[in-house]
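Before any comments, here is the structure.
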């Protein structure tokens, strides 16, 4: 059971990444162009739908399948960039804090606490209001939410690893601090970070959807899965396909990511199990 | 103990000060309310007049200092809205709706999440375990505004069981709390399941069984009491998620809370209200974290001695 | 009649007949008042045997359990839940390995002790708890009742665990390496205490250990386990004087060093096989200095003298 | 089979336990609205968006019939004199305020209401323009008000003093007695309803006065106006019977009709438009010559390139007509809108030196009505792309965009916007196309001259002609990308009988009928 679901999840994720990378080249329709006269066409199996638009069209007559595929690319890009930024900043601060210790550590951890208590969505709205919604703004805002988790985790790991014998040995043999962090501490932190990063993919996608709902998500005409769900929310009864298909896509990817994340956790660091919300 | 409390107070104050500065600067660069309050045919003279009325003609640093100075005396200024309501009063009048909703949602999340986590851990590996984890994950992967709207359509429009939206009776709480709580449900379930598994495999649970106490006592007293410690640790974070989620959920369910007040005040550039809302929310976080620490002391005897 | 009589107990990792066996066809008796040592390296299955007696093995192991475990003539494996519930703690109790981990950190020592005393139907719980702590030589017991586990030393905690084990006056107490985590002096103090308590309560004791030194100090009879099987049993004196199985000899050779913390046998090359990878025949043969071709087949258990049995192809040769 | 039965039983049981709290009480008219604005209670303390509830409490000097003709209100009759610079209103006798201490409406009350509306601290929409024209107010007797203007206004009755604007008549003694707290205190007016309670951020509830009202005899005991920001929730409320009336978006219409609800459309009450920034040609600081659309041919091309009828049919559910100006003005009926002609557009672009088109920014936001604006922006961009104009859409919120728009700088972007019909169309033209207005997007010396001529003209027929001339000029100059003169759809539940809305900002909630 566990094994099958793991392989199914891995398969799904590979499909997700492949779709994001090459999918747009395989679809004939332009995800950004549509015909108003063909708007709100249902999927082909519903009366009124056609093979031309397999999954129907959206409010501007754009092909849902093409947008779904393009949305995979944009959602993946948001995930990768956000997790990259939040991960590296958070890890850098956390590792440094744990390694150096003392008042620096205390100060940095206070800041992390503060960051956790920021009403981030309000900041997001403000930032969105300053320069309008853009890819960069979304990345900044979501990174603001997520970096502190990496900082917490890597600090803890750094504290633990710092006191291991081999690090002490490396230190006595005159290895520089930078080298110790890079050679000994980071490789030890990496597995836990990978797990956290995996589990956060879902968080990022759903958060982006909420920002789209509040009008500061990925700007049109580019589709992200989240903005597609937000776009179709008023039509859940009459044109359900607009929000349902991207909704299902989000659901599947988040599930897959969590299954893989759990499996990785069990393999890499069982002590971590469930400790990442 | 006294030193700890003073330290905490100083920290809390510093946090609030920092937050006020961040919000002050952020909100000033996003445009001013003047343009919004002027009519379409207003002239430059009209604008200057309004700027003066709102004291927006002073240099920024002076505006900030006078804001902080007044805030220290409990005066957070007045809404730029024509009603000129006291900003703090305005926020406080919306606070009960938000806090009660967050509390109900948190209670729902904790009760259901803990129950699901325990069930999943006890039946580990079985189909029940799988089912519970899938349900929890569903909650985490559905955007809350969408879940809310779908719930409204099914429960309220189709079945006619509950009111669609609004604030008032206990029935009004159910759908928004469900929507708000669902996102954290997965986190709680995961957390409880994992720490329950740890606890169930522990020596003290073995000893309890060896003693011959009933399985219910083993699970609910010995294992669960330990599993709750990590849940308590994360309560602050859960609460933060709730408040963040409130902006969305309060909009969908027409809930008159501070989440929507914050959103509206940002949209209308109502500086004093923005500042007050954010500061009140920050203060609430600090309080919540303090409460979590207290709870921690109560639940984990090891912490009492460590402190 | 024996108090406890294990007959052909096999515990597999799952229900399937070909699942790897942790315990393979074990038979063992414990008489009233007697102390039986169960010796072997870690992974030999001795702890699983202890847990099987209380039917506290994890579900997958429970599903793979066959054979019989008679308690006063009744098969524990077939016992209804109610009697089993009465059995645990009341008739058979257990002292676990790790005193640091076997007390629940969030409850006071007193409350955990009282949980056991309440089952025994003691009228005045507070007094009984105090007496129980006093019996295991804990100074100022009244105060200690209110303490939490983290506020006590390892030796102290182990005594609390013993007090909990004895609280319901069991007829048999299973000690699963109760001294491993303690340092040497405390270890012996604790063993002496156990011995005393055993006499005072007229209990039988099944003492799981890897250390023959401990066996010598406390046991009447001993069973040596290797890779899920009992390879040799006999009275302690007999085994010490005349060990038959090469594995027993190797264990005995390790005694003078009293390396209680070292769970490896310095005299023998290699490590015990893991559950899934046990060799055919006598599981010890790859490490055995006396191994011959025949050892690839499972030797039968033979009785050398009354009470002394061994499962080794070369045992009789040696005696002869 | 068994399963469905059981499910049905269960839900029936659940329904009984929960006792259906949802349905609106008999005699209560529930209106779900996206915003109640400030929830302040005096006419001058906020925008016209508050008229949903204030119009039930306060009354106006002049009302309008469905054709837009004036009808007597608190003023029984009035006359204009002194070439549009003096207006005399004769008040209706014996109209009582809801507070007994106030007695009946007097000229003093009217004078006070006007003065407060144009005072410096007034937040009313028309305050600044009214301030510019109103000079003095005399009250020769208790029932006569004489308003002296600094500049002529030939449509004061329809315009600033009419029901579509904000001059609700308050009780002077009551307001003066309250001093600072007046804006949030219970309002006292002559309207058919009084405030029951106003819960901030939530609802305003009004109850019917126990009098024989001179103007209307409402059917509903109570009117509750609730804030419901999310469109989908409003639609659900209508379907669940929790709301009787709510504004909806065009895309919701089909679903609501399927659910058996009625749609009431206020015709041509708003006009989606795309305004082109930096074309204030009469002000050096606000004229951006770098914009491709500083060339009139480009502006025309942008109009020709869009199939506005398709946008109306699809995005506006056919509820509107192709716009010939930025707001609906009766005098512009003869002005022909730009047809859809992409070839002509390409031709004009080539002539103007942009054969391959150009890149531009189009900012957009959503309001109510106006949920369709972002979608319309995307649709416009799709059509422009066909002629080579590559528009990047930047969604934002109205405050930020408006702040930028009125910053007095030479703008380099276009924005979607919505125009409203002004009862006095001159006010609308002034706001959008006069150099004086901070908000203006397009001005020219010719236009200024035309507007000056209009202001000087006193003959009504000649004025209308002049206004038509101005409309034609703005259209020919393509002062904006005119899109749609749109209806405003409201969905109406089964309990509601007859209800008509015909003018922007006039909701007639006091004349909503009950279904038989």
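Every chain is named by a letter (A, B, C and D) in the order it is written, and numbering of its residues begins at 1.
Please note the rule applied: contacts are C-beta pairs under 8 Å (C-beta built on N, C-alpha and C of every residue); 3 or more make two chains touch, one makes a residue touch a chain.
Keep in mind that this is a model prediction, so the values were computed, not measured.
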Innermost chain, where centres are averages of C-alpha coordinates: B
Chain centre separation (subunit A, subunit C; CA means) in Å: 51
Approximate Å spacing (C-alpha centroids) for the pair subunit A, subunit B: 22
Centre-to-centre distance between subunit D and subunit B (centres being mean Cα positions), rounded to whole Å: 37
Whole-Å separation of chain centres (CA-atom averages), subunit C against subunit D: 87
Residues of subunit B engaged with two or more neighbouring chains: 30-31, 145, 149, 153, 251, 267
For subunit C, residues contacting two or more additional chains: none
Shared-contact residues (touching 2 or more other chains) in subunit A: 129-130, 233, 236-237
Pairwise chain contacts, counting only pairs that touch as defined: A-B, A-D, B-C, B-D
Residue ranges of subunit B in contact with subunit A within the complex: 11, 15, 18-19, 22-23, 26-27, 29-31, 125, 127, 130, 134, 137-138, 140-146, 149-150, 153, 183-184, 187, 190-195, 197-198, 230, 234, 236-238, 240, 243-245, 247-248, 251, 262-263, 266-267, 274, 277-278, 281-282, 285-286, 289
Contact set on subunit C toward subunit B in their complex: 51, 54, 56, 85-90, 93-94, 96-98, 101-108, 112, 115-116, 119, 148, 150-151, 161, 164-165, 167-168
Of all residues in subunit B, those that touch subunit D in their complex: 30-33, 35-44, 46-47, 49, 53, 81-85, 90, 93-94, 145, 149, 152-153, 156-157, 159-167, 169, 171, 251-254, 256-257, 260-261, 264, 267-269
List of subunit A residues in touch with subunit D within their complex: 33-34, 36-37, 39-40, 59-61, 129-130, 132-133, 215, 219-221, 233-239
Touching residues on subunit A, where the partner in the complex is subunit B: 1-2, 5, 110, 113-114, 116-123, 125-127, 129-130, 202-203, 205-206, 209-210, 213-214, 226, 229-230, 233, 236-237, 243, 247, 250-251, 253-255, 258, 273-275, 277
